[in-house]
Amino acid sequence: MTGVVPPVCTPLTPGLDVDAASLERLVDHLVGAGVDGLFVLGSTSEVAFLPDAHRRTVLETVVKHVAGQVPVLAGAIDMTTLRVIEHARAAAELGCDGVVATAPFYTRTHPAEIEAHLRRVAAAVPVPVYAYDLPVSVHSKLDAAMLLRLADEGVLAGVKDSSGDEGGLRGLLVALRDAGTGGFSVLTGSELTVDSALAMGAHGVVPGLGNVDPDGYVRLYRLCREGRWDEARAEQERLLRLFDIVNAGGAARMGRGSSALGSFKAALHLRGVIDCPVTAPPQIQLDAAETEHVRRTLAAAGLL
Amino acid sequence: MTGVVPPVCTPLTPGLDVDAASLERLVDHLVGAGVDGLFVLGSTSEVAFLPDAHRRTVLETVVKHVAGQVPVLAGAIDMTTLRVIEHARAAAELGCDGVVATAPFYTRTHPAEIEAHLRRVAAAVPVPVYAYDLPVSVHSKLDAAMLLRLADEGVLAGVKDSSGDEGGLRGLLVALRDAGTGGFSVLTGSELTVDSALAMGAHGVVPGLGNVDPDGYVRLYRLCREGRWDEARAEQERLLRLFDIVNAGGAARMGRGSSALGSFKAALHLRGVIDCPVTAPPQIQLDAAETEHVRRTLAAAGLL
Amino acid sequence: MTGVVPPVCTPLTPGLDVDAASLERLVDHLVGAGVDGLFVLGSTSEVAFLPDAHRRTVLETVVKHVAGQVPVLAGAIDMTTLRVIEHARAAAELGCDGVVATAPFYTRTHPAEIEAHLRRVAAAVPVPVYAYDLPVSVHSKLDAAMLLRLADEGVLAGVKDSSGDEGGLRGLLVALRDAGTGGFSVLTGSELTVDSALAMGAHGVVPGLGNVDPDGYVRLYRLCREGRWDEARAEQERLLRLFDIVNAGGAARMGRGSSALGSFKAALHLRGVIDCPVTAPPQIQLDAAETEHVRRTLAAAGLL
Amino acid sequence: MTGVVPPVCTPLTPGLDVDAASLERLVDHLVGAGVDGLFVLGSTSEVAFLPDAHRRTVLETVVKHVAGQVPVLAGAIDMTTLRVIEHARAAAELGCDGVVATAPFYTRTHPAEIEAHLRRVAAAVPVPVYAYDLPVSVHSKLDAAMLLRLADEGVLAGVKDSSGDEGGLRGLLVALRDAGTGGFSVLTGSELTVDSALAMGAHGVVPGLGNVDPDGYVRLYRLCREGRWDEARAEQERLLRLFDIVNAGGAARMGRGSSALGSFKAALHLRGVIDCPVTAPPQIQLDAAETEHVRRTLAAAGLL
């Protein structure tokens, strides 16, 4: 798995069902821009907010609509092993090309338990398993030595690193190279330092902002692969300015998640990709002024 | 809801199915000791580890076996609103007398979102809803002013306070009294300070250790209600010494959750209540020496 | 060390010098109410905000003015061992009866380092040393087994527990009793659960709010010692309502520390004990409306 | 302030005094390698462990020995404003070219208080003030909007960013450029991503590991400035492998700080720069096997 693999937003209807038609348009918007894969049911997909039936609809809709044009990874996001395995098996049965699992959460966990968890999940499904390093959500950081071990043994196919620890990311990349461990994909979720991560040797990026401007991330990835670092930097800085949409919702009024996910959906709505910008409860919705911030930022970026 | 309401452990078979026969014996063990209610599918029940089918089996088994002798509360534990509502409705349909819901987790949440979440859950089910204040798992603390508001409006029927913030608990109790808000049940999950909490005006206790020694907690509750504080204190201190079983598992080898839940199940197994002490993956299992620590502690408490 | 040992506020002049005359009046206000000791240079004393010369003035002023009527403990609050020892020696030389030290902070610490730190501090001064368990400031919790070890060896004379972990407090008290370790003083800093802590066996209380209403805490302590628990509870609840002054400053405008320390000083000023309610920078000062909240709460408590 | 500005370790004697002769040799080692400035009394200097007299000796020794060859910045590390101002004034009087201050710590702080703190410190000293963003020690992150404001107003001369938030670092750099704010120095403390930070526009680096291998960091900086990114990357990766010395001390035995600072000093001792590798109490000392890990890593890097 390499390249640009956006975590696909989940468009909802005003009644909070999955809006399959909008989701298909979003898939076309992304695949048409040349992304290398899709990651459904990740944090940006509001997976934490979606009942199992919604998750299933997302998987069915995307797998069918993509029809093999690019690989589809699916998040199997739940608290602990047996629950994660159920999601992972469902995703595999529905035709996903790989599943993505975090460390356990809600429960107080231990490194030995995290490793046992990932090993069990990997053993339970017939598709590749990627670890998802997301301390902001699960309140533990994946241990680099464990990742190296599971990479070396072939238990994991890769890691999506959303830890924000770029030094740690680099340490992992160098250690993998020094150990001669091939076939292990390191994808960064840090959408503002993609050029840096690719320069360090990361294999790809999973940018939430890629929903809004997939062309930008595809361009950025290609510039990096061609070693055109100055142009890559300029493109990354353009995307960084666009990323300001996530600050639309005031911190006094809502959580950062509501603001970020709301702004992605507002942007997709303003760009005509999805029909309705609603996010799932209990997220607070952007109001008119906040949506206007998104609109102005999109306009400044030439995306309207 | 008042009195002793133990969070019921979920016995598993070696193959990790729900062991319904053991669960029924555990229910008898608790109800026979005179507890005032049962709380199934809470943290002590390993709810975070149980797939939905397991949860359903637990609910069906317990509701049927209790047969109305005492009320049964059910945890509706999941990340956010729509998922929690599904669990809550299932519990209500299966005959539970109330459901218990935490603040959202995994997602970064905001006080306004927590309140919206609890309001939506309460509006979606026909049974009383209790808030579950559990910062160690969900990484946010329920705001006292919000609880007072939801109590006053009749949105919530009570709160299970496992925050460990006894000053905050007391502030809530005094504020409820000062506001003349009746019919709101404050249950403490702090099993080592039950006499203190009841002296402050708490209505009951949800003690994990109550699985192991329900007689002790029933006795403690009655002593407090009769104002026999010195005897209550002695009983509480006896239970505190028994609580040392949760330290069976070494911190270098496993998480505190594995150790605590493992020790409760080991104790139930040693006392002959359940057939198998296994806990769900990825928890680390107690080894022989660790189980011996549990056995010795039980013996010292006269429980073997 | 037993009884009521208030952490003494440090009155400042508008120019941010120590206001020794006000400090002496505050000492009289406290000693006159019958407190059993004074704790200077603790968190409530704004020790973190006071330069060494201010700290010295506080020590000299209080030790001289108290003149042996009650023992005086002094905080030796700094980041690590050598710096703490300097403060501790200065306090001992200036005539304090004991010093109080936290775990190291600013640096990332380890339990073995915390123990080494406390042992070195205790070895370096000729007066008794008390450990100060204050995770909210130092971001680590003192280990109960370590406290038992240092108590048993006579390294520490006691602990001031401001961790808010009442279950842990009780565990320590029971373990000390079971081990037959005498002469180790456990003082709670949890000013809203004093009756509970004393019922559990704590030896005293260090209540910040005791600056404002020392008579209340002295009364509360005596009621507890006489086993008049219902009256004690009523007194504690009265003090809990008074404690609402700490919420004077809006959370949008200032930190909780600024609000709490500002409200104590505003109350002392309104009660005529100190000349100026200013707190040290960079704390935000209470404005007129916020001070009015303090005044109304004092009036409701009959303290004006 | 640009280029390589190592945070200078503080060599101690076995009796825990400042070893001025070793410190002078360390300064020569660094200046001789071509560094662009020195940062004394930072975290790597064990500032949290040094009494004021030690701090003064460090300042006097380094300022005199450097004799203007490169600028010397000094940490003014203490809990809150008045204490920080004392350190900052002392540093200015002793001839430092700038001082470095963190957000308040120990106390619970608020963004408005952090800003007030930095403004007061800057107003109190005649030399430039740099903010030190170090959440791992002070438990708050400096707000980017505040830094922009203080940069624009000329209150601060720069920031040392040890937050590890590379996306945030980039956001700050782009915002400074977009606002046309010149003369504000952004130095990264992330020693494993220096090429990335310089590519983003950072002005320099403050690498703890630069004590051990200043030549490497000087080379890395020059390669980046010349746009020779592939060579820079190889040099950075070499330094990353060398950085493994910080893992010398086992996590079961000591804190990460003890291990990292101990390994820097052990390396300086093994390289013949300083006489004694001891770190200040209560840090745990590296044992023989742990020191051997440092030696082997140095040898592999060709530094012995």
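By letter and in written order, the chains are A, B, C and D; residue numbering begins at 1 in each of them.
The criterion applied here is as follows: contacts are C-beta pairs under 8 Å (C-beta built on N, C-alpha and C of every residue); 3 or more make two chains touch, one makes a residue touch a chain.
Chain labels with UniProt names: A, B, C, D = Dihydrodipicolinate synthase family protein.
This is a predicted model, so every value here is computed, not measured.
Asks: Which chain's mean C-alpha position is the greatest distance from subunit C's?
Replies: Most remote chain from subunit C, centroid-wise, comes out as A.
Asks: Could you work out how far the Cα centre of subunit A sits from that of subunit D, in whole Å?
Replies: Roughly 35 Å separates the two chain centres.
Asks: In whole angstrom, what separates the CA-based centres of subunit B and subunit D?
Replies: 48
Asks: For subunit B, jot down the residues that touch at least 2 other chains.
Replies: Correct list: empty.
Asks: What pairs of chains are touching here?
Replies: A-B, A-D, B-C, C-D
Asks: Quick one: which bits of subunit D touch subunit C in the complex? Just the residue numbers, please.
Replies: Interface residues on subunit D, with respect to subunit C: 16, 43, 48-52, 54, 77, 79-83, 86, 104-110, 112-114, 116-117, 120, 136-139, 253-258, 280-284.
Asks: Show which residues of subunit C lie in contact with subunit B when the two form their complex.
Replies: Residues 164-167, 170-171, 174, 178, 190-193, 195-196, 199-200, 229, 233, 236-237, 240-241.
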